[in-house]
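By written order: A, B, C and D. Residues from 1 in each chain.
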Amino acid sequence: MPEKSLGVALIGTGFMGRCHAMAWNNVATVFGGARPRLEILCDADEEGARQFARQSGFARATTDWRTALGDPQVDIVSITTPNGLHREMAEAALEAGKHVWLEKPMALTLADARSMAAIAAARPGLQTMLGYNYLRSPAFQAARNLVAGGNIGTPLAFRGVYDEDYSADPDLPWSWRMTHEAGGLGALGDLGCHLVSQMLALMGPVAEVTAMTQIAVTERPSPEGMRPVENEDSALALLRFASGAQGSFATSRVARGRKCRLQWEVHGTEGTIVFDQENMNELWVHRKGDAGFSRHLTGPEQPDFAAFCPAPGHNFGFNEQKVVEARDLLMAIAGEQNTGPDFAQGYEIERIIHAMAASNGKPMKIEPRNDE
Amino acid sequence: MPEKSLGVALIGTGFMGRCHAMAWNNVATVFGGARPRLEILCDADEEGARQFARQSGFARATTDWRTALGDPQVDIVSITTPNGLHREMAEAALEAGKHVWLEKPMALTLADARSMAAIAAARPGLQTMLGYNYLRSPAFQAARNLVAGGNIGTPLAFRGVYDEDYSADPDLPWSWRMTHEAGGLGALGDLGCHLVSQMLALMGPVAEVTAMTQIAVTERPSPEGMRPVENEDSALALLRFASGAQGSFATSRVARGRKCRLQWEVHGTEGTIVFDQENMNELWVHRKGDAGFSRHLTGPEQPDFAAFCPAPGHNFGFNEQKVVEARDLLMAIAGEQNTGPDFAQGYEIERIIHAMAASNGKPMKIEPRNDE
Amino acid sequence: MPEKSLGVALIGTGFMGRCHAMAWNNVATVFGGARPRLEILCDADEEGARQFARQSGFARATTDWRTALGDPQVDIVSITTPNGLHREMAEAALEAGKHVWLEKPMALTLADARSMAAIAAARPGLQTMLGYNYLRSPAFQAARNLVAGGNIGTPLAFRGVYDEDYSADPDLPWSWRMTHEAGGLGALGDLGCHLVSQMLALMGPVAEVTAMTQIAVTERPSPEGMRPVENEDSALALLRFASGAQGSFATSRVARGRKCRLQWEVHGTEGTIVFDQENMNELWVHRKGDAGFSRHLTGPEQPDFAAFCPAPGHNFGFNEQKVVEARDLLMAIAGEQNTGPDFAQGYEIERIIHAMAASNGKPMKIEPRNDE
Amino acid sequence: MPEKSLGVALIGTGFMGRCHAMAWNNVATVFGGARPRLEILCDADEEGARQFARQSGFARATTDWRTALGDPQVDIVSITTPNGLHREMAEAALEAGKHVWLEKPMALTLADARSMAAIAAARPGLQTMLGYNYLRSPAFQAARNLVAGGNIGTPLAFRGVYDEDYSADPDLPWSWRMTHEAGGLGALGDLGCHLVSQMLALMGPVAEVTAMTQIAVTERPSPEGMRPVENEDSALALLRFASGAQGSFATSRVARGRKCRLQWEVHGTEGTIVFDQENMNELWVHRKGDAGFSRHLTGPEQPDFAAFCPAPGHNFGFNEQKVVEARDLLMAIAGEQNTGPDFAQGYEIERIIHAMAASNGKPMKIEPRNDE
């Protein structure tokens, strides 16, 4: 781990803001290296910002995000604000010469994501990192390594879903998140992009998608009466990978009883791997000749777990994924390979989910990344 | 149960032949009514036929299936021969005035299935039944009843797979089963049709499919050298149901470690049901307001289980599904509603899997059944 | 399988009577050999006996069990009557020169079991078999073979439970089954004896037990008012095996939500095996060096499964255990090793559960069997 | 949460030292209130202490634990050193007027634990807390609340195990931890005490234990040759609770394949609850009338989860248990009820596990706590 301490600004104090704060506080305890300096905390609410800064150890607080970006003590900006603010803040941070850690989805529109990727590409000295937490769990990393290492032979097929039920209740009020303009994509933007991030890590580039979407609850109550839901509650897709493998893909925000079912399997010529984020400390592996599937509990033999805990079977937590993400960003800044997704890779994810959203049952080609 | 004893001919003594024999021997012990008369057993091997007849209680044996069909003591013909013989035998049996219990898949080609359905339709006094065993388990019947009864509200989405790994080994020798002419469809014909049978029972008619297929092992060893595999090792599909619901579908015969993974879930507006045939005595149900998914063990409160065993949690077996199927055929012959799939419904299943096989990524409309 | 056909009498047409009838009808279809002759069916209800005989293929019916025992066409008597009749019927059958297949528990009292074992021992030409079904599932047989074959090294510890909830409801009416005189032991006699049968097969003889029992519902409603429950609702025990291994043991008939939870694990020096009868088609095995526990689905590589079905993952059923039991009895009669439990082994099981019932927290020695 | 910031000294930088450091860094981010001041870090290794202090945000470092205890800026001392040092350090800390957060097991001997409890009792103004992490997970807290709230009626029975396999390998070298003098109890002291802590929280006081212990690997290699293992590899016990309920108890450090199997179930008159720490984000609940067991995924409706994450199904981690523990200690210091186990309750746990170790098959009475 790098020994040079870097200054951090954090924008936002919600679910992900707190998660970033915890990660910045613990990354050096877990992985060693220099403890990051928590320089400035920004939130629209002045007293809230001050209080959160005190609780989480930030030296200063502000309500003006441009102040945070411009702070000369700051090297890295954590952006955890609503999606509609991502482009403006991330681009401004890069233009201010800061490394950027941005929550997903990258942007509301494909055009925004393209612009952000271009601006990042023009500043090769700055690192970008998107908050695809689920790539960081020890079990997922172990799975990716097993696939990449040929442990299950050549991948033939991917089957993945990411289902939750937070929008299943038809009485849930209408919100701007359900509009194209302010919310962008629906289940694809909120959930599907996570599944794409894992799929790319496991299977490599996507060549073609054919998808259908569905709005299960077409209008919702608001103070002004019923208003239409514009973005999709669920999506289904078939995929052709550049490798020749095939895949199926599904995501829903109206799947009753599902809470964080980011579940997939990879079928290889010599084995199968199965994972479900609701049991994120289990990986199921079958290799040819085995009597069945074996349940691998997360433990020190999986990547990064030992730094958190030497004892196997002692569960890794959702929030701890973020500590690994912070470590990966720090390593990239220190000159190691950026494990990503950076903005270039994030733009690829956006192209895939926007192609799904637009497909309506027709095949959509996915162009390779420029940098590949 | 009917009190009139019916005479049975059984053609074939393989996996399914034995399964039919067990069913005919136990159907009256389990469900009451008249014990069927096991009149004649037919197998190509003379001594084998005689021996199996003795062991299973058949009065006579023959090597000539036309003799079996023509036997005046016979009311019902169980046909469990290789798929390429289905059409000829089933049509001859109907023409001989016998009720027919035929194993799936119905036929090698869509044209054959159409012909069979037409011949059956012309003989309304004769009952036909296809061996879609998995429709008969208490857990599946309970699931279908929950869906049909509105227990999970309106179905929104279906997600289904049927995976096995019997062809995963690339050293598995080439066989005629892997040709279009003698084997018909591949994974779709062997496995996918079962999944379609359950999907139709749960979700109602399919309006459109968009599918892709894959041959994972393109050629296989034979005494004459490597020969090409013609039919699909796996298939993936998107579905639009007539109801407006959507679905995803996958089947593979090369999914390492999967043995009988006929697994699906139905997302409804008020709940979700999940099933996996590898644990066929469990049904997982979530209804809105529940704290999680509940694991329903098969027991007497599910359809037909109590006739086999009064005690819950005492596992129902694969072979016992066939006893229920025999009962359903006997009830249909006695004048009750044929729960099917009869040949008309079987032809619908064939149209769907053949559309999947032909789709190659393009949407294929599925016309409604004539009888609907 | 033996080629000489044997004549069968079946006494009783309840849960287990039907189960025996199914087994006798299918044993030759499954395992080959001569089809048993179903000679005579006995039930106290005349019309019921006649009807069941017709449905299940028995040639004759009677209401007099002594007639059935005395029938010269009969070689084997299946006894499935209430526990209080076991001793009289089994001893009479042996005295009539018949082989005996008797449901568990063997007898109401230890003295009865001792008498039965003595009478059987005096007739070495006759085979006895007790209906400990759970010993016959492919998964259990596979587990026993793994342990016996040293696959998990030397067994160190056994942990076993058998819980159900059929008596959990305090409003369940009082019955004679809850008395010592007519019902014998409670949970130990009904459930615990099954667990002992598996434990002995896995771990070898028990040297000492220390146990406690509990009556959870001390009195129950009857037409004459509340009446006391005399036998135990649950029992707990510590065990020392003759091998030096140790064990824990628990059984309950008041464990809410448990339906057939006959669950145990064996810890060996080189591995661990875990089983639960509620998922009787799964065996969980860990061997040193493995990354986790592996889920072995029942399939043709486990004992006896292939005779029922060639396809792995196609669930074996509770009732099919009985077909294996029938086969084992037929093999013993034909001169093979009786795999038991015969009456000598059954008496050993009775000694253990009666010691548990009497222990009240004090260590009770278990004497070795005479025949060991 | 209290608004007065307290000063913290941490002794030890191993597994638990890091865990305490993470907890102190995040407790205010998670729960609000004043951020603790990380005053001084103590470790025997000077450079290690300095480095860890920098990484984790401690202001000072020392190699002298008495310096840490005597620091006037320090209000609370976290003690995470080897068990043999617990008594001396904890008593010194109390005598220095500091609140104490001490890892388990409390002490090597029962006499030490008694002394510590007495010294704590004499200082009612100081709070003590023992590191029984597993009491703090949202799922366990939810379970305890369900039991305490009568959700499953009156508890009848407890069945608990805590198994790991860290000592299963016979080639694992001998260590002082395996001696009575330096290591204290074996599996009971390391694992069993955790299970007792949960059992007491669920079931209330224990009245009597009857136990057996076993040393599976009796001697182990050391540089001086084979040396004997003195403390138990496993233990089994029967329990009578003061309430009249009964229980079984087992713990092993040689259970192959088990990594953190702290698994128990409580049978109540109206329901059953089942938990396994290896899947610490699942609680299984059955209530009378339910169709089966329901799988409750950890989420915001369980105690304390929402402070870490608003989203259900997003796994809580092992280390996060410690943040809840820190919060509970801070609340106790601020005047709220100490949820414990404090030293008085810790001594009760020690009395139970020492009684188990001494029982050798004989019933051992457990006297009630003085403060109860």
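By definition in this document, a contact is a pair of C-beta atoms (placed from the backbone, for glycine too) under 8 Å apart; a residue touches a chain by one contact, two chains touch by 3 or more.
Remember, predicted model here, so these are calculated numbers, not experimental data.
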item	value
Any chain in contact with subunit A as well as subunit B	C, D
Of all other chains, the one whose Cα centre sits farthest from subunit A	C
Rounded Å distance, subunit A centre to subunit C centre (Cα mean)	54
Subunit B and subunit C: spacing of chain centres that average the CA atoms, whole Å	35
Between subunit D and subunit C, distance of the C-alpha-averaged centres to the nearest whole Å	42
Shared-contact residues (touching 2 or more other chains) in subunit D	258, 290, 292-293, 297
For the subunit A and subunit D complex, residues of the former touching the latter	15, 18-19, 21-22, 25-26, 28-30, 32-35, 51-52, 54-57, 164, 166, 258-261, 277-282, 297, 299, 308-320
Subunit D partner contacts - residues on subunit C that touch it in the complex	152, 156-157, 159, 161, 163, 168-170, 208, 210-212, 214, 216, 234, 236-238, 240, 246-248, 250, 252, 254-258, 267-272, 286-288, 290, 292-293, 361, 363
In the complex with subunit D, residue positions of subunit B that touch it	285, 290-297, 301
